[in-house]
Every structure is written in C-alpha cells, then in structure tokens.
Amino acid sequence: MDTALLEQHFNEKIDQDIRIEPKDWMPDHYRKTLIRQISQHAHSEIVGMLPEANWITRAPSLRRKAAALAKVQDEAGHGLYLYSACETLGVDRDDLFADLHSGKAKYSSIFNYPTLTWADMGAIGWLVDGAAIMNQVPLCRASYGPYARAMVRVCKEESFHQRQGYEIMLTLCNGSDEQKKMAQDALNRWWWPSLMMFGPTDKDSKHTEQSMRWRIKRFTNDELRQKFVDVTVPQAELLGLTVPDKDLKWNEERGHYDFGEIDWKEFFNVISGNGPCNKQRIEARKSAWDNGAWVREAANAHAEKKAKRKAA
Amino acid sequence: MQDQNKFNYIIQQADNCLILGQRLAELCGHGPVLEQDIATTNISLDLIGQARLFYQYAAELQEEGKTEDDLAYLRDAWDFKNVLLVEQPNGDFGKTIFRQFLYDTFSCYFYEELMKSSDERLASIAAKSHKETLYHMKWSGDWVIRLGDGTEESHNRIQQSVNELWSYKDEIISVNAVDQEAEKAGYGVSLELIKEKRNEKIKAVLEEATLTTPEGDYAHKGGKEGTHSEHLGFILADLQFLQRAYPGNEW
Amino acid sequence: MQDQNKFNYIIQQADNCLILGQRLAELCGHGPVLEQDIATTNISLDLIGQARLFYQYAAELQEEGKTEDDLAYLRDAWDFKNVLLVEQPNGDFGKTIFRQFLYDTFSCYFYEELMKSSDERLASIAAKSHKETLYHMKWSGDWVIRLGDGTEESHNRIQQSVNELWSYKDEIISVNAVDQEAEKAGYGVSLELIKEKRNEKIKAVLEEATLTTPEGDYAHKGGKEGTHSEHLGFILADLQFLQRAYPGNEW
Amino acid sequence: MDTALLEQHFNEKIDQDIRIEPKDWMPDHYRKTLIRQISQHAHSEIVGMLPEANWITRAPSLRRKAAALAKVQDEAGHGLYLYSACETLGVDRDDLFADLHSGKAKYSSIFNYPTLTWADMGAIGWLVDGAAIMNQVPLCRASYGPYARAMVRVCKEESFHQRQGYEIMLTLCNGSDEQKKMAQDALNRWWWPSLMMFGPTDKDSKHTEQSMRWRIKRFTNDELRQKFVDVTVPQAELLGLTVPDKDLKWNEERGHYDFGEIDWKEFFNVISGNGPCNKQRIEARKSAWDNGAWVREAANAHAEKKAKRKAA
C-alpha cells in the first residue's frame, strides 16, 4: 500500500473511533505528537512527586503521612504506565529522561511552584489534580490505544487523590484560625497556576486543531478551563474560602462563571525557566539520576553475570 | 495502664517502624530508578502502616485517651525506643539497602515468631506485617547481591556500607529487661531464636553477594533504652514540627 | 503598636540577619580551613547580634510585652520577611561565599545609609552593624576574587554559583510598600541609591575575579512579602523546635 | 657542646623553672612528647567543636545561640594557638591534620559522645570544660614557653565557658519539670566520661613520670580527678542534681570525696574507636578537609599569581 492509502485508512479509523495500536501504521507527525504529549505527561508525574514529597516527612498525622506516601507512589506508578505507553511508539525511556534533564522536554509548569505549608498538600490534590482530571478524563477516549488505557488507570487514581486533597482542605477549614489561614493562603497561591495548567488561550494554542482532529485532544484549552472554574468555585464556597479573583462572578446568561484575565506574562516566564523552583526541580531529578548511575550499572552487570552463569 | 511492660514492648517496635519509615520517606522522588523509588516509598508506607497498628494498640493499653499521633508526635527523643540502626542517615543507595536488609532480617523473623504471641492482637498485627516484610527482605537481599556482585564500584560501595553499619547490626537482637519480661509473659518472642535465623540469612546473602563479613562484633547500643544518636533530634524536629507548632488541632 | 510600618521595616532586616546567620551556623566546624571556619562563625555571630538588636527594638515598638525570642521563635514562615537569597542552601564554599557577597554588598551600603536615619535607635544599630559589615564585605569580596582568579576548578565552581544565585540578587534592593513608606517617613533609606553603589561594587569584584556577569536580569521575589522558598520551612523546623516543643520556658 | 652537656643545661633550666623556647636545644624525646601532647590538645579543640555545633541551629534563644557561636569560635581559636605552638617544634599543621584523619593522632575521647539535648550544652561547659581547666591550669606553667603562653589564653576563655555552661544548667534546673529532667539526664550521661578525661589511673599511666620530670605535666591523673570531683559535687548539689554514682560520699578523714570505680572497659573501648560517635566525628573532619581541598588550592594559586604580578 502506498502512504496515501495508509493515511486514508488511518483517518477512517480515527473517524470511526477505532483505536490505533502500536503495530498499526500511523503518520510520522501523529507519532511524534503523541510522544511529545505522553512523555510530557509522564515527566509531569515524576516531577510532580517532588513538591508533595517535600511535606511527607512533616505530615501532621500518621494517617496523612501514609496517604501522602501512597499518593506519591501512585504518581511514580503513573509515570511508569505513561513511559511504557510512550515506549510502544518506539522511543526509549532513558532518552526521554535525557530530554527532561537537558530541558528539551517540558513538564507541567505548576510543579515549578513551591509547597510552603501543609495546606498545599490539600490545594494540590484539590486544584492541581482536579485540573489534571479535567484534562485527562477525555483522554481515556484518545485514539491511541496504549495511551487511552493508561489514562483510564491514571484517572481512577487521580480522582481519589482529588477527593483526598479536598478533604485535607475541609479539615483545615473546620480547624483553628491558623489552619483556615493556611487553607486560604494555599488557595491564593495555587488558584492562578491551576488555571494556567490548561495551557494558552485557544487563539494562542498551536497544536489544538491538529490534535483534536487526531482525537488525542478532545476539548480546547479554554473549554476545559471554563469547566474547571465552573466546578471548582462552588467547592471553594463550600469550604468558606475566597477565590483570589475580583472579576469572578456567575454569568446567568452564559450559564458559566466569568473570571479575570490570567497573567500570561507570568505563565510564559515560568515555562521559560524562571519559575520559583524550575532549577530546583530539574536539579533534583538530575542528581537522582546521576547519583543512581552506579546502581543501574551494577544491576546490568549483575544481570549479565547471572545470564552468563546460567548459559555455562 | 493495663500492662506497662507490654506497652513498652510494643513501643520499641512501633518506634523502629516509624523512624525507619520516616528515613525512607526522605528518599521519595530521589531514587536511582523509578521502580526502586516506588519500592522504597512502598516499604516506607508499609512501615508507617505497621507503626500505626502498634501505636493504636499501645494507646489503648495506656488508657489515657491518647491516639497514635500523640505517641508519634508528642513524645521526646528519650521516650523513643527504636534501635540506632534505623535512625542512621540514608547515605547512598547501597547504605539505604544494607540498613534495610539488616532491619528486614530482624523484622521478618521477629514477626514470624510474634505471630505465635499469646496476645491475639499482637499476633494479628504480626501476621499482617510478616507478609509485607517477606517481600521487603527479598527486595533488600536481592539488591545486596546485585550491588555486591555487580560492578567493582558497586561492590566497593556496598562493602563500605556493610563495614559502616556492622556495629549497628546487633542492638536489635539484644535482650533488654522489657524483652525478657515479654518473653516470660508469653506475648513476646525469643530474640535468641531470631538471632540464629537472622545470622544465617545475613551470612548466606553476604556470601552470594561476594561481600566480606567485617571482623569485630562491637555493637552500638542505647536506642532501646532511649539514648540515641545525634540524628534522632533532627528527625523529630521535622516529623513533629506541625504538631508542636500548632498543638491540639485536627489535621 | 506605635508604628506598624516601622515594625515591618525593622522585621525585614532582622529576618535577613537571622536566617543568614542561621545558615552560616550550619557550617560551624565544617569549614575548608580553620581560619575560614572562624570567619564564617564570626559572621554568623555578628548577624545574630544584629538580628537581636532589631528584634529587641521591634518588640518594643510592638508594645505587646514580647521579646526578641518571641519574634524569632514563634512566628510562622509567612510572617518572615527575609529575602529568598538568605535562605538558599550553603552549597559548597563558593556558593556560601557568593551568597554572602551578594548580601554584604547590600547590607554594607544599606547600613551606611541607615546611619543617617531620622530614627536615632535605627541609626545607632546601623552604625554598629556597618562596622561589622565592612569587614564581612572585604572578606567575601576577597574570596570571590581568590576563587575566581584561583585554579580552573575554583573558577568554574564559583562561576556556577554566580550563575545560580544571580536571580536571587535583586530582591533585596527591590522596593516594596514598606520600604516606600519608610523612606518617605525619613527613617528608611533609598534603595535606589544603594542599588547603584552595590552594582558597581559587584561589577568591580567580578571583573577582578575574572568572572562573567550572567545575562538576564530575572529576579526571584516573594520573601519580602512572606512567600518563601521550600527551604525556609526546614530552617524554621530546626530553629524553632525547642521553643515550640516546650513553650513558655526560660532557657 | 656535646649532647650530654646540652642535656645537663636543659635539665637545669627545667629545674629552675626557666622556660624552654623554640630555638633552645631540647632532647628529641621532649620535643616528640610535646608535639604529641600539644597536637592532641589542638585536635581536641577542633573535634570538640562538633558536638556543640550540633545544637547551635537549635539553640532555644537568640542569646544562647550567640553564646554558643562565640564558644565554638573560641574553640577554633584555641585550636589555632595550639597548632601554632606545635609548629614552633618543627612540624607542619597539615601533617598534624593528616595524623588526625588517619586515626594515628588521638583527641579527647569525651567528644565521641553525642549531644542529645540542649542540656548537653550546659553539661559540656560545666563538666567537660571544667575538667579541661583542671588539666590545663597547671600547664600555664609548663616548661615549654609557647605552650605555656597558649595555655594562659586558653584557660582564661575556658573558665568563661565553664561559668556559662553552669549557668545553662542553673536555668534548666530552675525551669519546668522537663527542663530539670533534661539537666539530670545530661549529668547522668556526661559524669563518667568527664572523670575519664583525666586519663587512666596513675598506675596505668605510662607517660606521667617523665612528663612530670619535664614539667609538661604538673599533677597526676588521679590527683586531678580527685580535685575535679571535690569541686564539682557541691556544684551539682547546688543545682539540685544527683551525681550518678551510688558510691559517692564525703570522706571526712581524707578530706575528699570517695567515688565509684570508673568503667575502664568502656574507656578503652571508646578510645580504641568504638565510642558512639568516633566514626562520625572523624568523618566530619575528613570531609570538611577533603571538600575544602579545592578552596585551599585556589587560595594558593591566587597568592602565587598575585606575587608573580607584583614581581613583574
């Protein structure tokens, strides 16, 4: 078959919502876009472990400590599924790491903000995982099979994390004045970065159209952002917290909340490396990797020795 | 207090679990391989889980209306009865592994015996924990072998850790008054029995790992009586900070 | 409270002194040369001394019967108004030196101006501190030059630290509402003036040290408004632990 | 002059309490003994910084933090004077460090015990510096000039530290129940190691006789130990603390306190490397030294460049 025919067949499958599988023919650009998207997501899981790991040793109760450990472990697991999904597209996990460490590959910019109080563990679960779920649930129907299946597992756990985060916020909001202050302070710091998680506005989003065509993206950035605001504002009200946006108000006519302008200068600043923790996060990943080199080498050497002995 | 010695006996092991779990939690997100990051986090989680079961039971025996968190967060360093081994710093991956292996080769056989405790609650906590610990010991033992019989660098590194940690090996199977009374009363175990099985296991793994057993059998002690290393104070400063800074809250 | 803005103004600098003093105190006994161990300990001591003078004055202004220790030990991270620069980890000796140099080139000129404050108490604290800071700046500047114009390794190492810390350079001379009102009221200084002198000094020393001035002038901010890096929480966990664990005691 | 004459002259000076100065002739064994004794003392100052430095970041008040910093700084200063005194005997400071790091040179074994609570800062000042002063005051009249002069400076500062330590204990003993418990616990842990600071009993002390002949030691170990006990026990009583020795009692006849047998097995165990912190202390010193290599090299290289430029 020539490429045109293959491409036609591929497009038909996409249109009929038939999953593309690793052995199927796919356009090179589709493959590359998927690798970028899935690895970026995998990197986000891995880098995203760090801001939360920062509070595990200081978790204020054993129950919360255990939950935090389990959550970070889940994130590492998500990283694993997603790297595996990515590897079905013919790339190697180590090469993906190299791109992360060199700064070539991106990860969700939200993890470049610091976790400053215990309430941030609540806010991240509630807002950051909440936003992630908005982004990810539609991807359970992504056109690429391994990706869609990974997302099903991820989303199930994420929504558990989201409820857990909300429950941390709820406990704080029912607590002492200092605890309430912590909760409000965390909302103040995480609200806008969470809105930024959906990416640039539709008019500035360069990949959206093609990705939607390929069904590896199902809604536009602005649609998802609006949905997030609509869902989250009533949750904040329930907590008795104030969303830090003076322009926020319900628009009866639209049936949606109107909200203020995002500080896109900050967004692009953080993406381009000037966030509060960009260097710290990459440095942490790199030094884990570099300090682990001798361990990986040892494991390989031992496996070889063992295989040789078996063969002899 | 129903039974002070039983309380003390439980606290010893609860503190071992908590402090080692806390040490491993420091590594979260910093492992040499993603799979091993998951493994250490998972072991940390198991240990915190075991600590909770023990503290909950201890708090009940105490009959002062306290909770697991009161025991973990509001005792002072000298009240902690964990062995010095578990408070040693993580060091490199080899040191983390060998510390874990020395602990696992205790806890695995300890729980195996404790499952037969005359105290049903202890027996049931032990049964649950034993399953987890079997997996931990397999994991840490395999890594001792992998690193020992891996590259020259890994061999030298883990041999270094073996040498460093050797004097922290035996406190955990040394018998104090609490252990004695616990064994006599039937809810505690014979550490002598555990010692034998453990030494055999350690010997076998070191051998397979082509590692040299250090000479000298000097054993650092103190932890089981509440006299710790300089590390514990810093561990508790982080662990307890929020509860100390904002006392009396729900979290 | 007599004057909330004056209180805030003093706290900003008191917190800078305390947190940097605390960071340097971590190095005690671990310096690369005995003489330099003494030097960092001595600077730490000077900084803690300055912090005390500022906190004492702030506590008086506050009129709540609080002490210097209440301000240092019982405020939460978000109450601290130190710049992000001073809470950065010590790193290697080169990073410690360059962090110190960036701070000294602020504090020296800051105190030089503050000596002219309309507030006599501030002017007198500044006069005392200025003398100390002159020596600090000489010391850190000389070491920047020594390391920059030393060996290839030392040059590369400190250049790395210059690059790393560059984005933490300017928060300390950025003007916030508190600074503005303080200057207007006559007890505060013009940070613009300090900025100029400071930039000149930094330029001259980097040049003599054969170091490259990094490009880009992005400045991390937040500390002066109480939004810190992840480091501060850990610093305070140690710093405040005893006061938090045993509240209300004399020490 | 032949050696016999030189030695006779040297001995006369010793007997007349005339100081030996660096340029004077001295027996080789005298020189070596002094180098061993002074460098051991210098090492003790340097290693002795570590247990106290351990509590500076956690000092419970700013006043105490400043005092602790000043004290540790003084100890470094003492190290400097003593290394300098040693260098007048023709050895190099770096070689002395090398002996410390290799374990060849000793330091006071007391610093192999950990500092576990804030009260240890009091106990070390009160007991350890107290014992040190007992040892050192007589050395202000040591026969070797640079050593004697260094000791004068050292002793002045040590007695300030000793009072400061006692004052920490006093504050704790006037404090809450927990503070009193801290103080008693510290006394329990530091009492016996402090008695051990005076060295083995006279009958087991191999250097004493020769050193007393040379007037680089003025009292025997047991004499000094007795003096320490006699001075310290009433101080403990004043604090309301119990000395952890059931055999301790005033002996009217001797005019001294009788006290229990020291656990010499522990003493020799700690000296031979099995103290709670031996490895940790030497490791801390070694890693400071090793991590500082590039700094020292840079300073030398820069000094050379500067000298060359000046010459050109």
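When the chains are written out, they are named A, B, C and D in that same order, and each has its own residue count from 1.
Just so it is clear, a residue touches a chain if its C-beta (ideal position, glycine included) is under 8 Å from a C-beta of that chain, and two chains touch if they have at least 3 such contacts.
For clarity, every value in this text was computed on a predicted model and none was experimentally measured.
Chemist: Give the chains in contact with both chain A and chain B, ordered by label.
Modeler: Under the touch definition, chain A and chain B have C as mutual neighbours.
Chemist: Touching chain C and chain D alike: which chains?
Modeler: The shared contacts of chain C and chain D, listed by label, come to B.
Chemist: Measuring from the mean C-alpha position of chain B to the mean C-alpha position of chain D, what distance in angstrom results?
Modeler: Here the centre of chain D sits 37 Å away from the centre of chain B.
Chemist: Using mean C-alpha positions as chain centres, tell me how far chain A is from chain D in Å, no decimals.
Modeler: So the centre of chain A lies 58 Å away from the centre of chain D.
Chemist: Centroid of chain B to centroid of chain C, CA atoms only: how many Å?
Modeler: Taking the average C-alpha coordinate of chain B and of chain C, the gap between them is 41 Å.
Chemist: Can you list the chain A residues in contact with two or more other chains?
Modeler: Residues 58, 178.
Chemist: Would you please write down the residue numbers of chain C that are in contact with two or more other chains?
Modeler: Residues 76, 237-238, 241.
Chemist: Contact residues on chain A for chain C in the complex?
Modeler: 51, 54, 58, 114-117, 178, 185, 189, 269, 274, 276-277, 279-280
Chemist: List the residues on chain C that touch chain D in their complex, please.
Modeler: 18, 22, 25-26, 28-38, 41-42, 44-45, 48-49, 51-52, 55, 68-69, 72-73, 92-94, 145-147, 149-151, 153-154, 157, 238-239, 241-243, 246, 249-251
Chemist: State the interface residues of chain B toward chain C in the complex, per the touch definition above.
Modeler: Contact set of chain B toward chain C: 76, 234, 236-238, 240-241, 244-245.
Chemist: Hey, which residues of chain C end up touching chain A in the complex?
Modeler: 76-78, 164, 167, 218, 220, 222, 227-230, 232-233, 237
Chemist: Would you pull the chain D residues touching chain C in the complex into a rising list?
Modeler: Contact set of chain D toward chain C: 46, 49-50, 53, 56-66, 69-70, 72-73, 76-77, 79-80, 83, 118, 168, 171-172, 174-176, 178-179, 284, 287-289, 291-299, 301-302, 305.
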